[in-house]
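Worksheet: one structure, shown below.
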Amino acid sequence: MSIRVLVWNENVHETTQEEIRAIYPDGIHGAIAQGLGELLGEQAEISTATLADPEHGLDEETLAATDVLLWWGHIAHDQVDDAVVERVQRHVQGGMGLIVLHSGHFSKIFIRLMGTTCSLSWRNDGEREIVWTSAPGHPIARGVDQPFVVEKQEMYGEHFDIPNPDDQVFISSFEGGEVFRSGVTFTRGRGRIFYFSPGDQEYPVYFHPQVRRVLANAVEWAAPSGERATPAVSNPARRDWLTTGGAP
Amino acid sequence: MSIRVLVWNENVHETTQEEIRAIYPDGIHGAIAQGLGELLGEQAEISTATLADPEHGLDEETLAATDVLLWWGHIAHDQVDDAVVERVQRHVQGGMGLIVLHSGHFSKIFIRLMGTTCSLSWRNDGEREIVWTSAPGHPIARGVDQPFVVEKQEMYGEHFDIPNPDDQVFISSFEGGEVFRSGVTFTRGRGRIFYFSPGDQEYPVYFHPQVRRVLANAVEWAAPSGERATPAVSNPARRDWLTTGGAP
Amino acid sequence: MSIRVLVWNENVHETTQEEIRAIYPDGIHGAIAQGLGELLGEQAEISTATLADPEHGLDEETLAATDVLLWWGHIAHDQVDDAVVERVQRHVQGGMGLIVLHSGHFSKIFIRLMGTTCSLSWRNDGEREIVWTSAPGHPIARGVDQPFVVEKQEMYGEHFDIPNPDDQVFISSFEGGEVFRSGVTFTRGRGRIFYFSPGDQEYPVYFHPQVRRVLANAVEWAAPSGERATPAVSNPARRDWLTTGGAP
Amino acid sequence: MSIRVLVWNENVHETTQEEIRAIYPDGIHGAIAQGLGELLGEQAEISTATLADPEHGLDEETLAATDVLLWWGHIAHDQVDDAVVERVQRHVQGGMGLIVLHSGHFSKIFIRLMGTTCSLSWRNDGEREIVWTSAPGHPIARGVDQPFVVEKQEMYGEHFDIPNPDDQVFISSFEGGEVFRSGVTFTRGRGRIFYFSPGDQEYPVYFHPQVRRVLANAVEWAAPSGERATPAVSNPARRDWLTTGGAP
């Protein structure tokens, strides 16, 4: 059964800045979707949605039919409707996988799921990023070079204000000497979350074969393993388990 | 230097239900404050605040002068002002310790810090709760009996929808056979968080010597270890670290 | 591609005690292998090995051709050859999955991988065990009843001396009031490890459909996701990564 | 009550290589002990022991009277007696704090406590190491510059084969672009463990004020919080907890 993937992008830089459109003529979402398509083939059905779509393309029906959502946003985080953010959060809690990309660290959805400020140190100076694998047995690291190099990239550095991750998969260094936990996993409810920092609108990072490998692996990893169900309060009678064999 | 502790309680049951006031004549906050005072003595300066206070007693100045905040709420979660919740969250991220008690699992502040639904299974049937220590070397378990028994208590059971905790300190069983991760720790920003479930308005749990021991230990553990500072974005020049020796 | 599964059992109770053989006429390994076969079908190739086999059936070639090893031992832990234990450990570090069962908590291999005493509280009194899922989105919990009940079982209780697990999947309660972290995961090197306590030689637990479901799920989860390679020291020249694109 | 600290060093480089003795005239243990003494003052009683001492200075009585043990070893790991290693492990499990330094990643005691190979990438080329704090609220990071710089140091890089740490406190980058999880914490039994990589026999790293600050903080953090007791098997009768109020 194929994984239903939805690549979401605010798609503002690409539609308002010619120099960004030159890098991502099909939008960042287009570049990501293309990469996933090449690597996952029939394992995945890939769609895209953007901020400008009705309900940002994230209506109830669409999310219910999405196994893994990828999220790219940057300058329009505050234009994302709170009701949509709550809806996405609920679906993640119910089991939908979520992959948050680069500047998405400051998206409403990531901050809500983390409970921290998600702040970090940054500098846009076209620096070389070296991405090291710190969990070589993790499914997301399968077939990824140790290390791989992104020639030009915005620097993201520690302290990255996130909760202790479940797994620490990638750590990056930058030309200026900074380090960053660039690939980390979390669980919220039944949902698996992967944050991955390499990727920026000013550099063609989403065409990098190793970045594409990571994202394809992450899609497979984040897909829900069982049925979807948002955790909910229950009020069982004493020893209900004797007869029911257990409610969810 | 003594730890500045603030015990917060919505204080609604005690002021509106005579049978609850009979159990907690000084309010739940009063019972907790008394217990902490007896065990911590001069190590702590203990204050209380309630929902009815201006700004719920949680104004900026008060929080800035609080090392550890304890939180008890139940039927009035939605009456807590969102601006106050954001303020508390910011102080936790900056290093203030937070101890969330029992039905506080559904408080706005806990849900915001966890990013999950914080839902659980429950039944109010006056059941015996046995509290087992699963991390006997943890500072919060110091001097706590293995196990200790709460004769009558509301049942809280799994699945408890929280993120993976940093440390799993206590696990409870109930007469009806349920289990619950009753003592768990988290970090958000610089702040240490402890959730502890034993304690309810209908049972005199906050007079239990073992419960009091746990709360006193938790206050010591949650107190900030260094200076307070909410994590924030920085934008350093390349190799700033050469000359500054490092910004916070 | 099917998962190559090896079910290892010391097979001493079954060959020396008639009353145990009556419960497990094909040995505990036989019962487990049968259950996995029914649930995994062509997804798995299942073999068994026992203590009495040459090199306990765990020679280099066999381990190299094993994706997931299940381990049941009890009264003959000390008869397992140290050289074999080291070999198994090396293969786990290289990526082979390992599922340690019940009294295997005191096996040499589990103690070596954990670094703790792996001690616990126990009582063999035929008590009812209720197994609760604390991570309903985890692949190992897929399709498992919440809770499921094992009518008669040896009690295993806290404190269970293990390191903080990666994921806390199941927690059990027992008739006598004890609790136990009955399903927990760890990573060592590239290898995924799952410890699962329900199961004992005196009770037909390995015929329980829910226990079988858990073990089948665990086999799928523990199978290596990429190529096998034991982590090893490397001594790269400066900027080797410029030309090699990275060594493993 | 002061913390009883024991600084252990194999003390082989310093006694056999003049150029190392020039850097550490009082031995690495002497330099560390001096730094701890200056920062902790009356909070700590500091002793030292070396490989050449009877039982390596780690007899039962000494360990029983040690709250925190620091461990430096490199070329003589295999000369450490296995019986002593087992004894140290037992005391850690019982609550003694352990701080493992730099090349101690390959000590018998660290490998036994981790269960992994503890292998890493290395290069001795006198590179600048920048140490970044990834957990600014952690007690071990108190008062430590963000970042601090070690001008010349051996490079240690990922993949560092350790289990998922409890807390990820420091991450380093090196001139050559490598990264390393240079400060990580673990729990084994009741014992708290901190591994810290900055420090080498060829560079005067243990005189660095920031390194000394980290080690002093780590000593305070690793000291046992309650009574010492190695986790052990127990076999309680049913409902023993009714009358005993619980054994340890």
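Labels for the chains are A, B, C and D, by order of writing; each one numbers its residues from 1.
Here is the rule we use: a residue touches a chain if its C-beta (ideal position, glycine included) is under 8 Å from a C-beta of that chain, and two chains touch if they have at least 3 such contacts.
By chain, UniProt protein names: A, B, C, D = Glutamine amidotransferase.
These figures come from a predicted structure and were not determined experimentally.
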{"item": "Other chains in touch with both chain B (Glutamine amidotransferase) and chain C (Glutamine amidotransferase)", "value": "A, D"}
{"item": "Winner on C-beta contact pairs when A-B is weighed against A-D", "value": "A-B"}
{"item": "Maximum centroid distance from chain D (Glutamine amidotransferase), chain identifier (CA atoms)", "value": "A"}
{"item": "Centroid spacing, where centroids are CA-atom means, of chain A (Glutamine amidotransferase) and chain B (Glutamine amidotransferase) in whole angstrom", "value": "31"}
{"item": "Whole-Å separation of chain centres (CA-atom averages), chain A (Glutamine amidotransferase) against chain D (Glutamine amidotransferase)", "value": "36"}
{"item": "Overlap residues in chain C (Glutamine amidotransferase), where contacts from two or more other chains coincide", "value": "130, 136, 146-147, 157, 159, 164, 166-167, 177, 187, 189, 231, 241"}
{"item": "Chain D (Glutamine amidotransferase)-facing residues of chain C (Glutamine amidotransferase), complex", "value": "89, 93, 112-117, 119-123, 125, 127, 157, 159, 161, 163-164, 166, 175-177, 186-189, 230-239, 241"}
{"item": "Chain A (Glutamine amidotransferase) to chain D (Glutamine amidotransferase) touching residues, read off their complex", "value": "128, 130, 132-134, 136, 146-147, 157-160, 164, 167-168, 171-174, 177-179, 181"}
{"item": "For the chain B (Glutamine amidotransferase) and chain D (Glutamine amidotransferase) complex, residues of the former touching the latter", "value": "95, 130, 135-139, 141-143, 145-149, 166-167, 187, 189-192, 224-226, 229, 231, 241-242, 245-248"}
